[in-house]
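As written, the chain order gives the labels A, B, C and D, with residue 1 at the start of each chain.
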Amino acid sequence: MKLAIQLAYRNLMGAGLKTWLNVGILAFTFLLIVFYNGFMDGWNAQAMRDSVAYEFGEGHYYHKDYDPKDPFSIKDGHGIIQVDNLTNVVPILIRQGSVYPDGRMMPVLLKGIPAKQSILDLPTSYLQSDEETIPAIIGKRFAKASRIQEGDDVTIRWRDQNGSFDAVTIHIAKVFDCDVPTVDAGQIWLPLYPFRSLTGLDYQSSMFVINKEFDREQYPDWNYKSQEELLKPLKMVVDSKKAGGSIMYVLLLGIALLAIFDTQVLSIFRRQKEIGTYVSLGMTRSQVVKLFTVEGAMYSIMAVIAAIIVGVPLFYLISQSGITIPQSSQTTSLSISEVVYPKFTLSLIATMILLVVLAATMVSYLPSRKIAKMDPVQALKGKIQ
Amino acid sequence: MIAFLLKGILRDRNRSLLPIIIVAIGVMLTVMLTGYIKGILGDVVRQSARFETGHMKVVTQAYFDNMAQLPNDLALDEVAALSQNLSEHYPDVDWVQRIKFGGLIDVLDDQGNSRGQGPVAGLSFELYSGAGSEPKRLELSNSLVEGVLPQASNEILMSYKFADKLDLALGDEVSYLGSTMNESMAFSIFKIVGFIRFGVPQMDEGTIICDVEDAKVILDMDDASSEILGFLPKDRYDKKRSYEIADQFNVSYQETDDEFKPIMLPLAEQGELKSLIASAENMSFIMMAIFLFAMSIVLWNTGLLAGLRRYKEFGIRLALGESKGHIYRSFTLEAVMVGIIGTVIGTLIGVSFIWYLQVYGLDISGMMEQVESSLMLPTRLTAQVTPELFFIGFIPGLFAMVLGNMLSGIGIYKRETASLFKELEA
Amino acid sequence: MNTLYFRILLIGIAIYFQQGIDAQTTTAMDPVYILEQVDANMSAKNRIIHAKMTVHGRRKSRTIESKSYSVGRLKSYSEYLAPAREKGTKMLKLDNRLWIYAPSTDRTIQLSGHMLRQSVLGSDLSYEDMMEDRSLLELYDAKLIGEETVNGRETWVLELRAKVDGVSYTKRKSWIDQERFVPLKEELYAKSGQLLKMIELSEVSRVDGRWFPQKMVYKDMLKKGKGTEFYIVSIQFNASIPDHYFTKAILKS
Amino acid sequence: MKNETIITIKNLVKRYPEGDTEFTALQDINLEFCRGEFAGVVGPSGSGKTTLLNIIGSLDSPTAGSVHVLGHEIGSLSHRESAALRNKDIGFIFQVYNLLPVYTVFENVEFALMLQKIKASERKKAVMQALEWVGLADKHKKKVTKLSGGEGQRVAIARAMVKRPALVIADEPTANLDAANAHAILKMMKKLNTELNTTFLFSTHDEKVMTYLDRIIHLEDGKLIKDDIQSPKEYSL
């Protein structure tokens, strides 16, 4: 094997331009595949990270009567959090209500959150205000849908726990830009403590978000949903995108492999005499087959090396600067940010190297098998057609 | 001359078969990738067209201004006349009516008391009432968990999780309570004939699908519809055409100030699809350029090698008194023929494959964890046969190949006649 | 989306009118006395109201005609007479349960429990609004805060503040005709003091020896729009209403 | 030692399919060669010289008859065994040298030893020694494509000799060389033949070659016409 590798290496280096063309194409394909996967992984990671940062934290506890999927459960789904240490939780109180921007009525979810929390990345510091008007923050999607702008004063209306209507004018202190539609669309974030007293629900919460330090034991009135469970649907979508993309790189890889195959077939034809010579020098045919296979496979190894030389700085740059995604694609329900930072993991690259090398070895082996059937005498004469 | 060369190509398998196969495979891959990229990048557009926007959408001005709230009270009226008008002016376009609505679903127990209730979003399409284009377009059958599509009045599909929650079986009847276009009470009984999976949690939690004619009856929308969607022939999006039609249509209502006048929105003008489409086009162009470049290099390589293999033959031909120029030209001509044959074969195979994908799709659900076929999250890959597929393969297949051959053929001039002879002896 | 909302209001009015039957004599300026006089004028043990409601939509207006029967505060039954589409739709309210019957489907939908609290079909009004059945005197403390002229008539201005929990509007202001003891205008406020709704009552005429406003205009103050109008076609007080009108059987009769 | 028989050919027949019929390349050949012979097979083109040598070199196998080379029955060797035989005991020299074009002089010669898994340091010694024999030690770093014809053939000789085989088969080794180079090469081979007691077997129709041979075997149409032992000659080596 060592001999085959040495020989193959020398043969390839000796072949010059032709080798570099093949290596170039394969390296390019390799880079593209790694890039695509890295992009998807980066997106995935980012979507997950953002979802965790803005919405999930380390997990959610829902009041046993509150089911986030069931709007009917909002009314009674709240209780007092019986946790020793509240520093590791962000309590959220959810109420249904309406907002009246410019005389139009829109149903909305009102969510109370402590202004001073630090578990979620929501800009809740804007919820601190000395003014009489209650400050509120909304996401850019809702701002757009409702045509409410930062700085606007709008009236919201809800019913308190006893059913009495209540309405106040709130001040939109901040329209925040985040990639997680589920903390944005159709909801208004309000400071928890005034919101609790407004709704007559002092000390009550519909749910709470925890951080890593939180002691995740059982709390009888609260149902726990881990971060992992919460992230599942997101993962599903990314998986589906990945599967779709794989077709593309199968085709791309196909082209690179075609280049190798093509080179192999012709080089076996052109190097008949060489093959004959190897045989006359005492190589077995299988050794010669191995030599040519290794030679083909070596394209892929050199391609990987070339790709690494080009790719490492390139991908490093890309993963630092990110890729700007056109604004429009953000309107989908998926969490996708303006800038996606591709994520290139070692396992991704290792898998891809394996894939490319194996595939290249395969296509090199196929034409090389022909050598085993060659008559060395004819080969020496260069007479095999 | 051509006939003579063709004979050579066809008889000498070394001269023809391998290069043709390689050109064909390369061209096939090019065509497939082009079609696939077109398909995948068009997917967002297609998905949006299917469910949301059509290729063109007609709504009232007022509805448009409040689109986010699905204000059926601002729906189009006199739609029969409007539809007729549209069909007459644009007979090639498939004009379909759709209504979305909200409401409450109530399930009775044996005693006639309510056993369960839940809010629903209703989607209505021309399922059995129309020309049959909608069920196909929406691929509803693929997303059915169980049951069949509505065939008759008041039959509905229900999202499977919602049905689960309400403990409903096929054939069960549910009451619907909602509000009509005129904001009065809407009442109906629906029979569940199928369970459907949307793949989007919110939709799976509470959605029903019924025929648009049922929706009209229930919602008091006789001769009214929230939206009329237009789909271009074969459901193929054509940006230019959609703008043309929309502009033409809107001009005829230019004079009216009525806030309920119909306006037509081409797909790209709805939501933020415009920039999305632009970026999809850019992406697809870049991908194609990269790919064509790679493929061209491969086939160029093939061309080069093909030339190298034939020095001996050139020696013989020189010996027979052929001029170098003549050999070079015939060699090039041969490459052209091989290129054409390979490209045609590759294009045919590639286009067939893309056509297959376009018509039948490729199920990729196996490649995904936990994803089953659903309406909003397609598990089938699709592609699109576009006119350019038929010529794009010629760039690598013919031009790159011939150029590679021509370059390698320059060796004919470089070499001394004598050395060619010598190789002949060897 | 506002269908039920208006339907509910219609019933709400009926409830409003039937409150405070036992009038007592107190001093003329006692706001409680004023309220009692209003109730004496406008309520009875039971009532049958034939009314028309005009909803001014953004696009067109629509009139619904209904006949409702009510006894006490807990029982009410209404049937819709027009338009044709609505004809035969019946609603029955008993305690905190509500049934809606649609002849087209021959089905009854019962709304109760947490559903009642739910916004109706995404609207801002819940089914529970229909359930508000306690009398104003029971719910509110009244205070006379002044006198004003409304449409050329002298009125007492009463401020009503909720004295129990669970009242939809924790504060109301009523303008009561000083001569006829009929409200001419009402404002409904949120807990925070925000004005939510305004009702204007007019065309006061004599019915069965009582003064009664024939026309009422409701307006949601947070929303743009022309509001909703009610016309009383006829009203009967203390008629005999058979008991079966307040059973579920009536729905399918 | 000198008289030890290393090649025994009995009733050798070789036929090739040719179209629908068969072409008989060798017919009923009986020969013996001893260690240290410097022998040649001569005859016109198509007489079967190369075929005979290829069979002896285990590149080809007999249709009938037996060929024993260095104790191996050629017809019954497996691929692996025949490869091993060639690798260890037989060196080939070709008319067109068949050097491996992308390698240097040193690497070409080294190749045969690499197959035998000889250590790099020993390989180096052996290769340089072989290059000394052919007078190319100073050019060991050159690419073989940069060599002249005579130098190329000397590399081929070095490659054949480096493993010190018992038998060297040289198929028309001088056909592509001018007279001066041909003589130089032949002298070199004769010297190696004498010094290392290596058996050389030529196929040739070059008169120059024949003058060096100890024994000339004439073939015509696949038949052995004449087996002519020459009187030993003296050369100025």
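Structural remarks
The criterion applied here is as follows: a residue touches a chain if its C-beta (ideal position, glycine included) is under 8 Å from a C-beta of that chain, and two chains touch if they have at least 3 such contacts.
A quick note: this is a predicted structure, and the numbers were derived from the prediction, not measured.
Counting hops only between chains that touch, chain B reaches chain C in a minimum of 1.
The chain pair A-C and the chain pair A-B differ in C-beta contact count, and the higher one is A-B.
Centroid distances built from C-alpha atoms place C farthest away from chain D.
In whole angstrom, the spacing between the mean C-alpha positions of chain C and chain D is 120. The distance from the centre of chain B to the centre of chain D, with each centre set as the mean of the Cα atoms, comes to 68 Å. Measuring from the averaged C-alpha position of chain A to that of chain C gives a distance of 56 Å.
Chain centres here are Cα means. That of chain A falls 25 Å from that of chain B. For chain D, the set of residues touching two or more other chains reads 96. Contact of a single residue of chain B with at least two other chains is seen at positions 119, 426. Those residues of chain A in touch with two or more other chains are numbered 71-72, 104. Pairs of chains in mutual contact: A-B, A-C, A-D, B-C. If you check the complex, the residues on chain C that touch chain A are 114-115, 117-119, 122-124, 126, 128, 162, 165-170, 188, 190-192, 194, 196, 222-225. On chain D, the positions that touch chain A within their shared complex are 51, 54, 57, 59-60, 79-80, 83-88, 90, 92, 94, 96, 98-103, 107, 111-112, 114-115, 117, 159. Residues 18, 21-22, 24-25, 28-29, 32, 69-72, 104, 106, 145, 232-233, 235-237, 239-240, 243-248, 251-252, 254-256, 258-259, 261-263, 265-266, 269-270, 326-329, 331-333, 382, 385 of chain A touch chain B in their complex.
Considering their complex, residues 62, 73-74, 102-104, 106, 108, 112-114, 117, 119, 175, 177-180, 182-189, 220, 260 of chain B touch chain C. By the touch rule above, chain B contacts chain A in their complex via residues 14, 18, 22, 25-26, 29-30, 32-33, 36-37, 40, 43-44, 66, 68-69, 118-119, 200-201, 205, 271-276, 278-279, 290-291, 294-295, 297-298, 301-302, 304-306, 308-309, 362, 364, 367-371, 377, 379, 381, 426.
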